[in-house]
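Working notes for the structure below.
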């Protein structure tokens, strides 16, 4: 079943790149949800496997949490927060879409190059999956930089988190349980706080264009 | 007993729910900070006796050794003084109708959460939990940064939370790889425990560990304000209410640095020398000092200036840790303490100035010594102290850093460092000394201290840095030496 | 013992004969201009008359104004005591250092300049300002001359320098000495405020330097000032002739006749130098005030070349 | 350690100073009492300090170490090393402190009520204490700490009268320059530690390789040179010294800048051991430059305190020349010459401290009495402040190096040491030496000129303003303080042998060649039968002769002209009958000729404004000349502007305010480090 995981990891990557290519906030959120589902599936696989082998249900629990959080709650929150600007097409990028996609491919290559030096993840399969997952992290980060609106940052952050989670689950079959829980709590609060702030920014600056936040310089 | 350290802030949160009057809120805050102080004292004693303090419940999740107790003491002491200061400060704010009593409660609750997260970060053995806690500090303090809720503070808060969350996310990557490097060595029970990792360090998978360290360094470095990840720091520190700035600069940076030091220890023990990690630390450290120098030379806003000086000192600490000689580590730890005390004093003082003149621009402030005799004097002496003038404490640790640099035959590095610090002093003198002289236009500023508890607090801090300038209690020195041993790898 | 005789001799030869030099110079100038001119002893008469007159003192002035004449005269005399008219009689207990010689004169100059400012008149200020400039510009060449002479005779003591020059006998005329002589001549002119640097005869505010400083003086004060000035001039001339024209080697007899002979020679040399100075006065005009730096520079260059020559020509 | 041995006296001194600070703090309420007590204690401390130094110097004790306090923090310890050099500088400091404190008792009276006397006095004591520690510091770190403390404290004293923006600017320039230079000193000390493994100044410097020694020399030179106000690093000095209160400028010019000389002697001569000849050449060149520059600016400046400050630059130049000759001749192996030059240098330090102190104090008195430092507003003070006038004349004569005051002795020794060092006989050196001598001569003449200007314009003639008109004599304490200094100057001028004997031990310690056996003759006579010249001066004799002559003259005049009679009458006014003070020669006019002659060094911008219609019949003419240092205009200002502009630019380039840029930095950091990790 390893190749299923390979497939899923590749799909993850694709979803990330897809995200980069989008322009509408709604489609951002949709893509994010899609990615969340993929993660849930991966987690399900892994959890099932570990249930069979070690009889631990940690990962399954986490899988459930993911479904609850990333597939349901967070997208809902985002929808609520950005209801008024959902259909606005984000126009001004620092670079245009094709170049962004190209650069994200470069990032994939880069992460392959850098990770391949590490003997720790020797066996090819793990390596491939980790590389994909890792590229998702970088792409998420890159996405944050490439989008000017606040939503861009939030989504990018979430994608990073996804990538990290998948990297964790691929490379070490998950962190210690308590850590994972903590991570999830942090993430949800982070997103909450960001959301609240976006609302505040929106009413203070009457726009969520982060580029307007440039009073503090030097 | 030590576990009360975790419980007390939570209780405080609960209590402040029911507090009706502002006075009760203040009382609670003083109470809890006092409790924390006492507990810290108790733990210190325990650690001095036993070397480390741990409990069996949560299979040894709670663990304090000399290294963490030093930082913990700094936290509790500064928190205590800050909460004394905060009383006067907040009353002033309320008096000017800047904040409502409802927001006062929110302020205190967030403070407690912040404190809780920080204490947890310093008292747990699991690096994963440390990560969680430090992320939690970000989340708790984000609102505190944006507390004034005007354009600038909101912007600062936004940048703070975005950049720090990203940084901390990167740390998570590092921690995953740290875990990965130890999966086949350590059974899952005490995975990610730094004490176990340290004792097993030799068997960890070196390349993965290195890879992990990169991310941990960058991630926690973001929180510790190392250049080039420092960018959130000037905004947050300058926009936050002064007690918060004091805590951010004096305490939060340290706990991030603490996490870095933990991992540094493991990596160095694993690879046997400080080549790899040391270079990175020194690089970031020097870069931070350089950045600070550039920005301080022509700074217009005194709180920003203080923030940049925090970056500088974090850089010095990182550099000292990177050198990884016994002397440099000792000096670095000492510098952490000295910097925290001095910088929090400065930020508190700047809070008084801000309330009096209600302007952040240096150009708008004159005749400080006349207007605020106590605060002005403390601020002046504090500036001298922060720029490494004898006989204040920072001079002692800085000189030891220099000596250790030259001792490690890094003359070039040392010369650059010394000259950069001289430039920074020049910058501070050129930009900031003018505020003390002349006399304020009597129109909007009338002389006299407004925040008397605050004045008391900063005076205590001043005495502390003057005394520690030439003298360390033996117990404290032993603690530092023990901590040095730990950093050196037991 | 020898000290006493030395002092007496100095007093007689320098202090008493000093006014005569001015008389001679004046006479020569008159003759060259086809005039009879004042008698050679005129200055003695003037001094005598002045000493009997009562002094007019400005109400602005302070005690500085009154003590200055005595200091000027005193320093001039002390300086004169340090410059032997003949190397045959030298004191054993008076240290005559050439640097000190000029610093003693500086004391007098310092007070003249102050006194000039003391009366609050514009002339005085003008004079002392100019005096300061001239003296400070001429000073470097003085020191270079002293050092070079000192290097030749391994000492900066006037006595030793004179003795060494005397022992060098007839070979005294050499590139070094000639250059130094010319430099010294300019120093002499500058110090004694003569044409072309300054004109002792004029009272025109555009040109006068020394006269402007003593403009307010009258009676015995003036007398002391004038007298001091000529003593200083005499002293410097003595210095020059005994260093640069050491004819002692021609005096073979020892004892008293020798001394007498050398004194006669000394008078002869003085006459020669006087004539030279007089001729310079006659044949040149006072230069513009701001060309004085050029003269000073010239004298410095000469002295410096002399110094170089000394090293180039291997301690000649 | 017995009661009257120098070590116990030294400790006593330190204790007294501390009590003085304490007293100033305790009695901050009653200002009069606190002034009396604090300054009194300072005088006491001055006495005991001088006593300790004298005991040491006279009894030829061995150098001793004291460890007063050692901190648990590594490398921070107060251990004192007391040797001849330290004793000498302590002596100078203490003598000056005694007189200045006596002076302050009077001077501070006009602070009462309108200034924070308490703060001033505490700073004053700390300043003295820090200088004392600089001289007796036994290890590099303590030396640096004291050095830094001295800088900071003196900064606060400079800006004490901070209501004047000029003062603040002066303070800023001072603190910045002095701190950067201190950093260089620190670097040198660190290098010293790196190679010898100890900060102990008595430790041998053998392990230090030659090129490092050269580096250290350069660092020390810049570091100490800045402190000593050596051109072209002197720009802070003429601003800071005039800005400070009277007693402080006396201390700063008198002794603080001498710490530079102490540092040079201590580190270059004593620690590094002379080293190469080129060190000496560099010092000589710098010395010449600052001597000439300093005296030129002193001559043209019209602010009386600034004039003295510039003249300090000149004298530091002379001292540098002295040290330079010491180094050159020591490197060349001519020990006697080195000893002679060292003696000259030390004496010049000593005497300059005395008379510059007295001058700054008396100028302080002028400011105290007239509230102006501008020469053009003074005049005629000799009638209104007769005592001050006499004392100031003494100081002026001393600094003008005129017989029989102390200034002449050290000047003459300087000439003699230059003259002696021709024995080294290298062509290049000879040229440099003769130029040095010429420069020295001109500097001496010009400084005499500037003193004539200072004294003549501000004390003589008629008052040029109502300030001067209404001036009255200052309190006795002030004049007493100056009086002691001036009489010391006269004493050492008449009997130089006293000072020479006192310092002989130091010279033989540092160079191994006692200068004493080069001395012959009695107390009236200092002469140096060096193997190349046997020269002698005897100021006392000269003075005696002069007095005798004057007395004889008086008798003679009495004989010829009868009793002296005088007629008081107005100054000659060409019959114009209305001389006003404004018709007097002004200070600026006085220095005009020199200014014109040396115009290439002195940038001065003039503006002539004709009020009224025609060029031919203007109603009034406004003429304004602004003189500024070419150096500052063309070097310092552009540099400062450039740096701040650069910082401004970079600031906004890095901290753009855009969160995307910030994220990009982190992203870049991640990628770079990953790459770094991958490639090695």
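Which chain is which? They are A, B, C and D, in the order written, and residues in each are numbered from 1.
Here is the rule we go by: a contact is a pair of C-beta atoms (placed from the backbone, for glycine too) under 8 Å apart; a residue touches a chain by one contact, two chains touch by 3 or more.
Predicted model, so just to flag it, every value in this text is computed and none were measured.
Enquirer: Can you compute the centre-to-centre distance for chain A and chain B, using the mean CA position of each chain? Integer Å is fine.
Expert: Inter-chain centre distance comes to 31 Å.
Enquirer: Could you grab the centroid distance between chain B and chain D? Build each centroid from C-alpha atoms only and quote it in angstrom.
Expert: Whole-Å distance between the two chain centres: 45.
Enquirer: So what's the Cα centroid distance for chain A and chain D, whole Å?
Expert: Roughly 70 Å, centre to centre.
Enquirer: From the C-alpha centre of chain B to that of chain C, how far is it in Å?
Expert: 80
Enquirer: Counting only residues that touch at least 2 other chains, which ones in chain B make the list?
Expert: 158-159, 162, 166, 211, 234, 295
Enquirer: Could you tell me which residues belong to chain D and also touch two or more other chains?
Expert: Expected reply: 648, 651, 655, 659, 663, 666, 670, 674, 677.
Enquirer: Multi-chain contacts only, two chains or more: what residues does chain C have there?
Expert: Residues: none.
Enquirer: Draw the chains as points, connect those that touch, then say whether the picture is a line, ring, star, complete or other.
Expert: other
Enquirer: Provide the full list of chain pairs in touch.
Expert: All chain pairs meeting the touch criterion are A-B, A-D, B-D, C-D.
Enquirer: Can you list the chain B residues touching chain A in their complex?
Expert: By the definition above, chain B touches chain A via 126, 128-129, 131-132, 135-136, 139, 142-143, 146, 149-152, 154-159, 161-162, 165-166, 169, 172-173, 175-177, 179-181, 183, 188, 191-192, 205, 207-208, 211, 234-235, 238-239, 295, 299-300, 304.
Enquirer: In the complex, go through chain D and note every residue touching chain C.
Expert: Counting only chain D, the residues touching chain C are 379-380, 382-383, 389, 397, 400-403, 408, 411-412, 415-416, 418-419, 422, 427, 430, 434, 437-442, 444-446, 448-449, 451-453, 455-457, 460-462, 525, 527, 532-538, 541-542, 545-547, 549-550, 553-554, 557, 560-562, 564-573, 579, 581, 583-585, 589-594, 596-597.
Enquirer: Flag every residue of chain A that touches chain B in the complex, lowest number first.
Expert: Checking each residue of chain A against chain B gives 117-121, 134, 137, 141, 144, 150, 153, 157, 160-161, 164, 167-168, 171-172, 175-176, 178-179, 182-183, 185-186, 189-190, 193-194, 197, 200-201, 204-205, 210, 213-216, 218.
Enquirer: Residue numbers of chain D touching chain A in their complex, please.
Expert: Residues 648, 651-652, 655-660, 663-664, 666-667, 670-671, 674-675, 677-678 of chain D touch chain A in their complex.
Enquirer: Residues of chain C touching chain D in their complex?
Expert: Per the stated touch rule, the residues are 48, 51-64, 70-71, 73-75, 77-78, 81, 94-95, 97, 99-100, 103-104, 106-107, 109-110, 113-114, 116-126, 128-130, 132-133, 135-137, 139-144, 147, 150-151, 154-157, 160, 215-216, 219-220, 224, 289-290, 293, 300, 304, 307, 311.
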